[in-house]
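Residue numbering begins at 1 within each chain, and the chains themselves are lettered A, B, C and D in the order written.
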Amino acid sequence: MTFDRLPKARRSAALLGGAAVALALGAASAGAETIRWARVGDALTLDPHAQNEGPTHALNHHIYETLVGRATDGTLTPRLATEWGIHPDDDTIWVFELREGVTFHDGTPFEADDVVFSLERAMAETSDMKGLHGAVESVEAVDEHTVHVQMEGPAPLYVQNLTNTFIMNREWAEEHDVEEPQDFAGGEESYAVRNANGTGPYTVAERDPEVRTVLEYFGDHWAETPEVSEIIYTPIAEDATRVAALLSGEVDIVQDVPVQDIQRLQETDGITVETGPENRVIFFAYDMGSDELQTANVEGNPFADPLVREAMHLALDRDAIRQVVMRGQSLPTGVTMPPFVNGWTEELDEYPQPDYERAQELLAEAGYPDGFEVTLHTPNDRYLNDEAISQAYVGMLDRIGIDVNLVSQTRSLHFPLIQNRETDFYLLGWGVPTFDSQYIFDFLVHSTEGARGGWNGSRYSNPELDQKIEALATETDLEARNEMIAEIWAQVQEDRVFLPVHNQLLAYAMREGISLPVHPENQPSMTDVSFED
Amino acid sequence: MARTDHETAAASTPRPPGRLYRAWDSDLAHAFRTSPVALVAGIVAVVIILAAALAPWIAPHDPFDPGSLVLMDGFTPPMTENEFTGNFYLLGTDDQGRDVFSAILYGARLSLFVGFSAVLFAMVLGVTLGLIAGYRGGWVDSLLMRIADVQLTFPSILIALLIFGVARGFIPPGYREAMAIWVLIVAIGLSDWVQYARVVRGATMVEKSKEYVQAARVIGAHPAKILARHILPNVMGPVLVIGTIGLALAIIAEATLSFLGVGVPPTQPSLGTLIRIGQGFLFSGEWWILLFPALALLALALSVNLLGDWLRDALNPRLR
Amino acid sequence: MAEPLLSVRDLVVEFPTRRGTLRAIDRISFDIREGEVLGMVGESGAGKSITGNAIIGLIEPPGRIAGGEILLKGTRIDDLPPEKMRRIRGRRIGMVFQDPLTSLNPLYTVAEQIIETIRTHLGVSEREARERAVALLDRVGIPAARRRIDDYPHHFSGGMRQRVVIALALCAEPELVIADEPTTALDVSVQAQIIDVLKEICAERGAAVMLITHDMGVIAETADRVAVLYAGRMAEIGPVRDVVQDAEHPYTRGLMGSIPTLTHAHDRLTQIPGAMPRLDNIPQGCAFNPRCPEAFDRCRVERPDPIGRGGGRRVACWLYDRAGVKEAGNG
Amino acid sequence: MLAYILRRLLQSVVVMMVVALVSFSLFRFVGDPVSTMLGQEATVADREALRERLGLNDPFVVQFADFVTRAVQGDFGISYRLQQPVTDLILSRLPATLELAAISGIFAFVLGLGLGVYTALKRRGWLSNAIMTASLIGVSLPTFLIGVLLIWIFAVELQWLPSFGRGEVVDLGWWRTGLLTPSGRASLVLPAVTLGLYQMTLIMRLVRAEMLEVLRADYIKFARARGLSDRAVNFGHALKNTLVPVITITGLQLGSIIAFAIITETVFQWPGVGALFINSVQFVDVPVMAAYLVLIALVFVVINLIVDLLYYVVDPRLRADRGAAGH
């Protein structure tokens, strides 16, 4: 089989080419088809179902493919599925028509059975993707190119959950004993962690985790041939080093550009920066449900008082944060929902101008004329300038008399605080992979029970709203459903469950002559790269 | 004759080594006055330490008071008016609108406090354990020195990181912030006591066999008293030298820990934290956010190091 | 009389300090004749060792020779360039230091240290140097020298080490050996042996010895002549028998009283009250005058220079200044 | 001699056990691995299930016993983060760190020794004083800042040297080296200087201090008095004696070079165990952290042993007496 041999031959050639490029530091676009791509962290694994995490998906999108894709404008696009929809006779079944003539990297043809296998694998106990497939009852291959997914009930938005669920090859997985994702308790490395056999546009030529990954174009890929034939992917953790690598010409594209460097990079000869909104909203949340706060110096729970919450809203100067902290790289918002998400409206997005006098009056009215003391938890390595945002808000709250202790720590210490309800007041960012409000309601608004409310650190609990949220999941009448979404948002906004700050803008900096649009989920595809010269 | 009459103390005759007060007599002061390096370093160190200590009275702003910060003042270049607010700052402002000059003063104050406290902690711990180990000997000595060995296994930065991690586990959430600085002090101090202990232990073992200590023992003086009265003064010279260098090291260690993400809260930045933050602006054009704190740290650490260096030579009678 | 082996003329050694310059040696003159043993006595700080160091050109900076001259067989050596002086050290003037425990480099075997020294000066083969070293060690009394020559210094006892040091000082066959308190650090029981070895072997080879000590007893038994130093100045010099039996300088007379009568030595002058002045506080006139039982006015004003007393004796004391303007005040 | 080594080895085992115990007990405080291992959709039940599978709910003693049992067999489990066997992971990263540590160690030792000797011999020269003062700059700024400044100057502005990574490496089968390619060697320069600067200063000052002490020693004076040449005295006698204490402390410094590599590796994206450790701390990758600390302890113990043996070779006083001392 020719496609079996071809990649190997190309592989060694490309390795040499890669070496030459690496040697020719700063040389201008020598190998125009090779892209040297750097971002802050590496994919944790090549196993497509082992980690539900942005950088991992971003790399895997080059190697594996999903049934449906997400375009840079947020809409769904056909990928391995050419058509999809709810079964006309049974609203609990999703039907996917699969693309024909697709082969895996090892030459095996892609069939419906692979989809069945992959979805079942994604639902396995050790899969990190299983949360997105909780409503699936069974998957069935109707014929070679049609798959039926039987849901437990009506699931009008299920297809939105599929944009990061990759399709593997059943035979390959069985051959290498990777029918289930990595089990940490097992003590052995899964073959799929460093090896892959997908249908994606690139094959893995070299994989040295956290050091260097080389991908080569897969000649038999079904889509149009991309301009980039080779990708050298390097994680560079330090901001300054990453930017330096671009400035010195050692990499072509830098994905996680610190906001403060954007302007300077734009002004630098030979470098361009593309920016665009990310599907992620940054907000503060507070414990409004407990009787007592853990860190406050006053009796009772000031956050339970709507007046206090309103005062805190009025103290937040979103424009100043945008202007100074974010260097203009953010879209201030009044709602905890990125504009891509179904349910977003301009009215909801509006936000008040800060009014410190009014805020102080409200505090006094609420019985805190001298304010109170509380601790704010913030991550310092998760979102763009997360620590600086929190710090700025601490200053603003101080002005109205709320004395905030800022605790800034790494993500692995920060997030458990929210999950375990150990923080009164915290910063959180929320990406919405399904692009629908329900995802936000499920995790952030619904009372904590079962699979829902896991991130409801606000301890907000409204039984009436809970019912509506649950009803959303099975409402198939989209119009009625959107109405319900609007109602829920109205209540959430009225109760000021969150203190939204802004939506992040992403920035990709690259060598001049390259263009790469910003992807709302920060998962750029190198197939989208075009060269101008 | 080439001598002037009636001058008092003099240098030539050998003296019993060590005695702190003797070392601190006018010889040292003279050597200091005549060493240009020591003099400049001393002046720089004193100016910085004084400025830091008097920060609340000297600094035009209080950078630790978040309420006084105007975010729109952020990124004001030095000696320039802010384009939005028209405010003027000598050394500019950082990303939070914090006056860099005031932040340096307060930050140096914090760094020096951490440094001095950590050194003091390490010194007290090390000297005490060293005295005990050297005086008691036997299994106490073995145990303490094995602990020192194990501790040396862990490089100081790792020890500090781990102590920080542990403290976070023990201290209830509400107090973590208030305790952060003390944890830092303990972390740096604990990683540094071995040096003092070793020096003191060695000196103690030599001294304890000497007649005057034996005599004191025979007349039934309490061991603690013997240690304090007879042995301690003899080891203060080297301890002082280690301490001086240790101060510079502690200040740098605090900065390094800040880089690794542990340390004082960002609302109360130390000199090290300021540099860690400023480092992010190396390529963005706001050079002053990094440059001035870095220069301040360099001047402080360098002058303290030079003083320590000089002190080491000056206190060493054999090099005079 | 033949030209002296070593001649020291008006030697002045100064140490600059911040409180002014200290004179550690103040106009000392003496000769050493070939093959003779000159004893040099005085209390600690009197300038004995500095004199020795000055002769071999090893005054520690910032100290320096500020005046006078040192002649080796009529040739000045105090102003030689360092490289030329180096060739004299070890080759023509050997040196033995006080503490044998610290005089030997602990990291080299005895053989390595002796052979290195021999070959530095005598340009002989390694084998030849080794043979000489063995013979020399044998001569200074190291038992089984051929075997023990490859031992490290710490394998030897203090007395044995001092023998090694003597062998080292003599291995390039110098004409003069300066022995700076060679027995002070040793056990009393071996002191005499070491002095004997030193004296015998130097006599054999015709080397002169300058024996620096504060122990009048050793001088009395060993030296041909003796020089007494006090506060960096020469108090008295003369044949040892004369000086011991009939000391003329009041200080020397006091010193003679400190010759050990029993088994242990005295370190201080028990007969004379007070202590030697510090170098920055030397009284006007005779340095000894505050302690001198026979001091008179002149002693407090004018400094006495050594006065020839015949028989090779010289004494720096106004008591013997017959030509002096003022006569001795005491009756 | 053999008994000595055996005793030392036994002590080392104890030290390593203590290190393992201490580090293992500390990990419960650095964060919750489960929350970083699962995606944001995971439920409380999911997290609990994973925790159970990982054995994190077992009593501490059980966890530690399990860890030690497996560790002595060279099995440190699977990295929570990279899902590879920790032993493989560390072995694959170790060459990078060891090469960096070795090169910067050599840089620090050679330069430190040379400058230390020079400044000791010319104690009062202006150049010595200038070197002494300048060397302090290296210890008066935090390592991370020095690294970033070097990148800025030599990679961005001058574009002489690479800013990150190891360059092209050659796989020797069990060891991937960057020393055999020009880009690999170029990549080593900045990290090695950054890492070695601090140690260089320490070694230089140590050498100088020791040498000044030694130059005052009687046997040096006696060597001069024997007319040995300056060269023989300074380098044959003084230097050799200086080296005895210097070797001990320098040996111990090697351990801290490997530890300080954490920062240098992070700044230069150097694919060694230090960067691996820091990433693991952020992710609470307990198996990697534990293995790393045990590794550091092992390295230290080995270095310590080698230093002791070296000491033994250099200093004859420590060797067993061949003959009884006597007259």
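Quick note on the criterion: a residue touches a chain if its C-beta (ideal position, glycine included) is under 8 Å from a C-beta of that chain, and two chains touch if they have at least 3 such contacts.
Just so it is clear, the model here is predicted, and its values are computed rather than measured.
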item	value
Chain pair whose interface holds the most contacting C-beta pairs	A-D
Farthest chain (mean CA position) relative to subunit D	C
Approximate Å spacing (C-alpha centroids) for the pair subunit A, subunit C	89
Where subunit C and subunit D are represented by their mean Cα positions, the distance between them in whole Å	53
Inter-chain centre distance, subunit B versus subunit C - centres from mean C-alpha coordinates, in Å	50
Mean-CA-position distance for subunit D and subunit B (Å)	24
Subunit C, residues touching no fewer than two other chains	none
Residues within subunit B bordering two or more other chains	168, 261, 279, 282-283
Touching two or more other chains - residues of subunit D	30, 148, 152, 156, 281-282
Interface residues, subunit D side, partner subunit A - complex	30-33, 35-44, 46-47, 49-50, 53-55, 75, 77-78, 80-85, 88, 92, 148, 151-152, 155-156, 159, 162-168, 182-183, 266-269, 271, 275-276, 279, 281-284
Interfacial residue positions of subunit A with respect to subunit D in the complex	19, 22-23, 25-26, 41, 44-45, 47, 50-53, 125, 128-132, 182-190, 193-194, 208-212, 234-238, 240-242, 244-245, 247-250, 381, 410-413, 415-416, 419, 431, 443, 448, 450-451, 454-455
Residue ranges of subunit B touching subunit A (in the complex, touch as defined)	65-69, 71-72, 74-75, 84, 95-97, 168, 173-174, 176-178, 261, 265-267, 279-286
Footprint of subunit D on subunit B - complex, ascending	37, 146, 149-150, 152-158, 161-162, 165-166, 168-170, 248-249, 252, 255-256, 259-261, 272, 275-276, 279, 282-283, 294, 297-298, 301-302, 305-306, 309, 312, 318-319
For the subunit C and subunit D complex, residues of the former touching the latter	56, 58, 82, 86-91, 94-95, 97, 99, 102-109, 116-117, 120-121, 143, 148, 151-152, 154-157, 159-160, 165, 168-169, 172, 190
